[in-house]
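Single-structure report; data block below.
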Amino acid sequence: MTSATITLSEFQQPSRLTLLFRYLRRNISLVVGLFIILGLVAFTVIGFLTLDTKDAYPLSAKARQPPSLEYPFGTDFFGRDLYAAMVVGMWQTALIGVLAGAIGTFIGVVLGFTSAYFGGLIDGGIKGVCQVLTPIPVFLIQVVIAGSLDKRSVTIYTMALIVVLLSWMGPTLVIRSQVLSMKERQFVSVAKLSGLGDGGIIFGEMLPNLLPFIAAAFVGQVFSAVFASFYLAVVGLGPLREPLLGNTIWAAQTQGAFFNGWWWWPLAPAVAMVLILSSLALINMGLDELANPRVRRTE
Amino acid sequence: MSIKIILQRLAFLLIVIWSAATITFFIPRISTRNPIRERFGVLARSGGFSPQDMEQIVQSYNRKFGLDKPLIQQYWDYVSSLARGDLGVSLFKFPKTVAELIMEALPWTIGLLLVTTVLSFIIGNLLGAIAAWPHAPGWMRGVATPFVMLMGVPPVLLGVFLLFFVAFRMKIFPLGGAYSIGIVPSQTVEFYLDVLRHMLLPALALIFGQVGGWVLSMRGMGITIQGEDYVNFAEHKGLGAYTIFKDYYLRNAMLPQVTGFALALGSVITSGIIIEQLFALPGIGTALIDAIKFNDFLAIYGIVLFITIAVASLMVMVELLYPLIDPRIRKG
Amino acid sequence: MTPIMKIINLQVSYYTDSGRARALDGVSLSLEPGEKLGLVGESGSGKSTMALAMMRMIKPPGRIEGGQVIVGGTDLTALSDDEMLKARLSKISYIPQGAMNSLNPVMRIGAQMVDAIRAHNHSISGSEMEELCLQTLESVDLKRSVFRMYAHELSGGMKQRVCIAIGVLLKPQMIIADEPTSALDVVTQRQVMETIDRVQDKIGAAVILIGHDMGLMAQFVDKVAVMYAGRLMEVSHVREMFTDPKHPYAQALIKSLPNLDNKGIFQGIPGMAPALLRLPRGCAFHPRCEHMMEICQSVRPDLIPLTDGREVSCHLYSEAN
């Protein structure tokens, strides 16, 4: 065989940065979503740095003031400075979301894994419970739980727990099916044959492959936790003293804000909530595009 | 579908209902509030009962409702009365029965939710299918976008905005309630029109909030179906774009959407309850929230049970009817 | 005889993030009515692209950049979109690879055949269409009852034959069969190939059979065309292609076929097919060619006719001429 030289026609591979920009240009949702979330984070951080969180609670400012220079978002019936309320409220919403999201994902991973890895009765039991709980409208149960608690014991943390109580089924089933399919695949058998113990297989081989699903489950759980806590607050079942965004809207409605002309009261938290949820949804959609190449639009 | 499968699904349904009933039985009992005592407390303020007399009345009612028996006994009584179809009496709105409570509130809820859910499903899926179809004109595909942008926004927030812009600023539609104050509900056209005026904003909020979800999922499904070999082959056969859209693309993409519809029913109820609160509509959602506020356990059980049975039954029904649209699932 | 099909200098490119890939780089070919041509080449050589280009089914980011596809006197590349729709199935039809998924799962087989007819002929009656479909089903050795069945009720071989039936329903002048047997077992493969042979004979259509199973080619086609990197390397009659291939690539291909005489000794072709984004200058095969000469590195050889209807694209033969 003669050796051959390949003469290339003039051709340049575009730089990696260019390829990244081209991708981002197509995946607009991810970019916009991240942008909004960063904006909200900045708002909250600046807020915490510039004001006194006490102002988010009743009787700290003149009541029923429309937006002005002194009170950028106005004040409510109870004398809260709505600007402070928004900042604290957003932080609390984020807290609930991340807390409940983390716990929910954790339970999902543990249960899903146990169920699939050990199989048999354990699997049947866990799977059965998930399946039976799924058709029950979860919000109903959450509403009943939240409504039965003594008003004083409803705090942000109890909200997170109530929310988590009925949201772990989703991640459990997803992780379980992933682990089940992994069990069938060769690399587990190979690992077993090479003498790796259960622990080694679980942490060394399977968990790394599960990471994208765990990450996706986490994002989903945060999203649904923010939603659920918002819904509970909006029907008046949240920790009423806290300036959670949903609480503010509920308080505004029960005091007849629109009837009385205090339009800014429900509007500000509504806008904030929309921004939070839209950005989470956009990020979700953007990640979906990343993961599923067929959805990608071609130039 | 074989009889065995149908029976399995029905048995599953029963288990779901029983679980829901059991969970909701025990939860409100955590609280120490007694709705009967509260109700009489309210009455006592207007009438003139002495504390001892009131206490006696409360005890006798407690006995009547079996509230003095041990919890397990109460549970058993409850389940057996359910099996007989007896939902009991509302403790707070006494002497109304829970069944009456539900029947009064139901029409408002069903009217709103049924119409909005079906409309959202149809509009959303059609828009989504068009959005993913490369041969559709650009403007048609663009119609879907605003709905998708609204997707992350729950109907209640849309409701707030609609209230602000349309009801508050422009004063076109009312701020809440199911009908104007002072009007007595009747079967007249006038009344129906008034109700329609009041229901429009809540309906719009629900529709705009739900359409986006269907658009997105249908669009995703549409893109997947487009890549399928049979759509390709249909083009090779020289079929027109409209025919391929209808028979090869839409018909296949709809299958998982129908399943999704069944699954979405739970979240529809959720949004429905909250919208009812926001717009002060006298539906099942409001009835439930009120019952919770007064810890009226029997009403709570009854309403939650009713909703769960309705949602779960619809789900099972859709599942059992699925073979009618997908020949692959039919038996033999 | 005038050729029923002529492809003249067909050029197809795909525009990707990484640049322009020349999937078909000036391919010219012709076929007589009733003639069967086997199109072979490695994965990525452009065989399927050619089929799609002929059917005008190249989708963005791909584009037909130039050339003509003339079937029965009509230049398909010059037709409007609507006219091309009509031409598909009636003038030129396509039998897909892997019929597993080519049939609509929620429509009955009969409905899928009828809608193909209806799309081309609005005046024909329902019962006439049904009769045509039933007869076509019989001609591919399927029972008339298949008409009422669903795709999932049929075996792989049966599904493939349904696709063949659809392909000949309107008696086209040209049939492209894109690896119609690759997903089937050997026995079914033979049945399917025999079916294609029979129906094609009956309607006198020309067939391009795309594939990489040389053995199957040998039993079925009249001529063989070898493609490489989007270009035609050689077109010869089947017998000669196997006994006396002219192009070095074709020679290497034939030599690599397993042979009962030298069991266990496998001969591949060293090197790799070039990326269509970065085609070598001159002859596309020169980096891997035993007989490479200096001119091969800079000048692209044309497809030159040799004696008795063969064509080769190689500098070895232009000198001999």
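Things worth noting here:
When the chains are written out, they are named A, B and C in that same order, and each has its own residue count from 1.
Simple rule for what comes next: a residue touches a chain if its C-beta (ideal position, glycine included) is under 8 Å from a C-beta of that chain, and two chains touch if they have at least 3 such contacts.
None of these values were measured; they are calculated from a predicted model.
Nearest to the common centre of all protein CA atoms is the CA centroid of chain A.
More C-beta pairs touch across the A-B interface than across any other pair of chains. Most remote chain with respect to chain C, judged by CA-atom centres, is B. Separating the centre of chain B from that of chain C, both taken as means of CA atoms, is a distance of 56 Å. With centres defined as mean CA coordinates, chain C is found 52 Å away from chain A. Taking the mean of the C-alpha atoms as each chain's centre, chain A and chain B sit 24 Å apart. Interface residues of chain B, counted against chain A in their complex, comprise 12, 15-16, 19-20, 23-24, 27-32, 149, 151-154, 156-157, 160-161, 163-164, 167-168, 175, 216, 220, 223-224, 227, 266-267, 269-270, 273-274, 277-278, 288-289, 292-293, 295, 300, 304, 307-308, 311-312, 315. The residues of chain C lying in touch with chain B in their complex are 55, 57, 85-90, 93-94, 96, 98, 100-107, 115-116, 119-120, 150, 152, 163, 166. Of all the residues in chain A, the ones that touch chain B in their complex are 131-133, 135-141, 143-145, 147-150, 227, 230-231, 234-237, 249, 253, 258-259, 263, 266-267, 270, 273-274, 277-282, 285, 288, 292, 294-295. By the touch criterion given at the top, residues 228-230, 232-240, 243, 247-248, 251-252, 255, 325-328 of chain B touch chain C in their complex.
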